[in-house]
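Below you'll find a set of structures to go through.
Note that subunit A is present in both complexes that follow, paired respectively with subunit B and with subunit C.
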Partner chain A sequence: MPAWIEIKDARKKVDDFQLGPVNLEIEAGTITALVGNNGSGKSTLLKLLMNLANMDGGAIRILGKPVDGGDESWKRHITFQPQKQVGWNAYTGNELKNLIAPLYLKWDDKLFEHITRLFDIPLDKRFGKLSPGMQQKLSLALALPRKTDILILDEPTASLDIPSKKQFMDLLVDWMEPEDRAVVLTTHQADDLRKLADYLFLMQDGQGIGLYEKDRLVASYRRYWLTEMPDGPVPGELSRDGRLLISDDPDATEQFIVAQNIQVLDDQALELEEIISLLLK
Partner chain B sequence: MSEWKQASRLAAFELRASMKSLITIFIFYIAMALIVMASFDLYLEGEFQFFDLLFLVIFFLFPAWMKGKEFQMQKMDGDLWTAPSIVMLQQLPIPKDVIIKSRFVVHAVCSFPFQLLLLISLPLMSENFRSLMTPVTYIAFILIWLALSIAVGFIMASSEAGGNFKTHAIVKSFIYMIAGIAAIYGLIYLFADHGIVRWTITLATDWTWVSVIVAIVLSVTGWKYWQADMRKMIKKTDYL
Partner chain C sequence: MLPIRLSKDSREPIYHQIEKQLKALIAGGHLAAGTPLPSIRALSKDLEISVITIRRAYQDLEAQGFIETAHGKGTFVKEIQGTVKQDTMTASVRAEFERAIQNAMDYDYTPGEIKAVFEEILEKLGKGE
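The block that comes next holds the complex of A and B.
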């Protein structure tokens, strides 16, 4: 089955910043998180996906259709929630719902009502008058009920309080369940990554570092406290500090340590944040 | 749903959301415009040379300024200038042609009623104007100005597509535009016997049917041209 989103050598220069070439494929039934420092190009890449800017080169296809082609029908299958909603300020939640809902065949009114009740969203207040957190909740309430095949969320939990974050994660997990869907999100929240993401696409200075399966990535980094540190390099060694060794190839490291008759006092998996920090160093 | 029907639906949302301010500004502008119109007789007697300039500003710019602040073209992130609705609607499953048409419907609703009121007020306020016109030439006069509204005024609708402009480039083009308008106005003032509004009265009275035909052609061409121009600008602009 072809990927639902195919990004091939996508490039974009914005002033001094060069995005790409980026290559990435998103498959059905997955949640992929774009992870990177501020200014690494995540939001720009999402806007290229939505054809909100012209690429300097490369191609992006959504459900097989080029996003910059004349056929705009792919937009019916995708929901995009940007970091900051532009043009919504003058409308109330009710007006936005009335504007957006008829554009989507599978719009789920019950889900919309459920989310607005869950987050206690005032639908008669103008979007611009809501707090940033409430704006984000309303955006989510207007995003999930569209029930499109693909959902793109740019920093969806940045302004949410802790209980709302958990509720949002539960909603998203439920949303993924019934049908084959794909989610692409950007986030700086480690919790989002841990609980939601299947894949992490790491970006740095506009370049894609790699696409990693989260569980495999977490399993492939380990920290060892040794009785003594070998003089020479250790297979898989990423860094050492006294008798503390960090490895990105635990099997090779452990085999070597056993062969050297060195004992492991303790070992521990690295936290996902630590692994990301190492990869983005 | 036809594209115009979809566009009208989108326009209705925007107009409803800004109805209160729209009506307030409409009444204020009408009052201001009628004060200026009161000097129309003086103008026709050749005594008020600034009438043309005021009339053009009222006729072409007031409709564009009538929209609420949230719906007007503004500076967004980086060097992007656009109307926020353009960004919003492009993120939804709405064909670009429908977005363009919706901008034209909004501009038409803001401009045509206002402009028609201005044009209707002229014979009511000026005895000189009434003596120059017959019912047929008056219709030709109205058609000329509505054609100008489309051919010139709808640049305001088209420009909502925006673009990626550096601030100094905008300031420079604004200065050029003001200088250009001042030069044209100065030339007319120095070398022509009458001002622009007076000329259109002459066109309507002396070349009635030619004026009607040219006005219709100008309207159709302007209507299509500005939509094509907007389509081109949307394609070119990076909404980042």
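The block that comes next holds the complex of A and C.
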């Protein structure tokens, strides 16, 4: 299957911040989380993706079409939910729905009603008068029913309370049931990563550090408590503290330890958050 | 939700853990033929594992005849033959013994010592009946 989003050497300079060159491919059927500190370039990358800013170089294709090619018909197949909706404040939920729904062939009114009821969203109030959490819920109610092939969510859970976060996850999981859709989201919530993400794309200071399959990433780190710590370096060693060793190559580490006749008292996987912190150090 | 419990601290690959537990549930009769299984995406969320891993486990189980996917309808438990049931149980029991014996050998137990421990545990558990 061809990549649904294809980013090749995309670059953008904003004041003294340099994004990229970034390379990333997104396949259908997957949820990819962009992970990085504030200011790492996630939102800028999403803007380039939606052709809301001009690239300085490189190429981005969505469903095979270059985003900056003049023909913007690809936009009907992609939904972008920014952190802040621009130009929505003066409209009520009902008015926004009437503006948005006709633009999308597959608009699902039942799903819209389901989400508005689930979150108890007042549709007769102006968007600007809603709380940040309610704005986020209404944005979602206006995003998912479009049933586009690609859904881009910029921090969709930032203002949600715990029960709403759980409902959001269930909605997104249901939305992904047809296996030909793709989601890209940015998040700082570890729970979003654990329950939703298949791939993590790590970013730091405008650079893409790497695209990791979640389970493979977790399996490639391990913590060992040893009967004694070898004096010299251990293969895979990332850090040591007394007799505690962290490795990013468990096979090599274990082989070496056995050969040295050292016993492992205990060993453990690392939490996803710990691994991310190590990679973004 | 399925009673699957993954050990993330184990070095055993996650897809292998899922396969093993699903096979045990099917061969043990806890999941009858025709029972619908969760979608790949739903199981991915419940177990906090990527769809790539779940898909791999489902594909292996399908290749081995434990489950089948009806296009557009979902994934279901397949009718399995008595011999497959028996083989699955035998394989599962043997694997547990192998692990325990390997563990004893790692601690330099002799075959005699291992047998003694085995007899002792067998007697203790047998009395409990």
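Annotations
Rule of thumb we're sticking to: the second predicted complex is superposed on the first by the 280 of 281 C-alpha atoms of A that agree within 3 Å, B and C clash if a C-alpha of one lies under 4 Å from a C-alpha of the other, contacts with A are read in each partner's own complex, and residues count from 1 in each chain.
In the analysis below, contacts are C-beta pairs under 8 Å (C-beta built on N, C-alpha and C of every residue); 3 or more make two chains touch, one makes a residue touch a chain.
Not measured: the values here are computed from a predicted model.
On the superposed subunit A, the positions of subunit B and subunit C stay apart, so the two partners fit side by side. Of the two partner chains placed around the shared chain by superposition, subunit B is the only one that A:R76 touches, whereas subunit C remains out of contact. Of the two partner chains placed around the shared chain by superposition, subunit C is the only one that A:A219 touches, whereas subunit B remains out of contact. Contact with subunit B, but none with subunit C, is seen for A:N89 once the two complexes are overlaid on the shared chain. Looking at the superposed arrangement, the partner reaching more residues of subunit A, out of subunit B and subunit C, is B. By the touch criterion defined above, A:P250 reaches subunit C but does not reach subunit B. In the superposition on chain A, A:A269 makes contact with subunit C only, while subunit B stays out of contact range. Judged by the touch definition given at the top, the superposed model places A:D198 against subunit C, while subunit B stays out of reach. When both complexes are overlaid on chain A, the residue A:M169 reaches subunit C alone and has no touch with subunit B.
Applying the stated contact rule after C-alpha superposition, one finds that A:M50 touches subunit B and leaves subunit C untouched. Shortest separation of subunit B and subunit C in the overlay equals 28 Å (C-alpha atoms, whole Å).
Residues of subunit A that lie in the contact sets of both subunit B and subunit C are absent, per the superposition on chain A. Partner subunit C is touched in their complex by these residues of subunit A: 29-31, 169, 173, 176-177, 179, 194-199, 213-215, 218-219, 250, 267-269. Remark: subunit C residues 8-9, 11, 13-14, 39-42, 44-45, 48-53 touch subunit A in the complex.
Chain contact summary for the complex, subunit A toward subunit B: residues 14-15, 44, 47, 50-54, 72, 75-76, 78, 80, 82, 85-91, 95, 98-100, 103-104, 128.
Contact residues on subunit B toward subunit A in their complex (touch as defined above): 10, 13-14, 16-18, 68, 70-71, 76, 78, 83-96, 235-236, 238-240.
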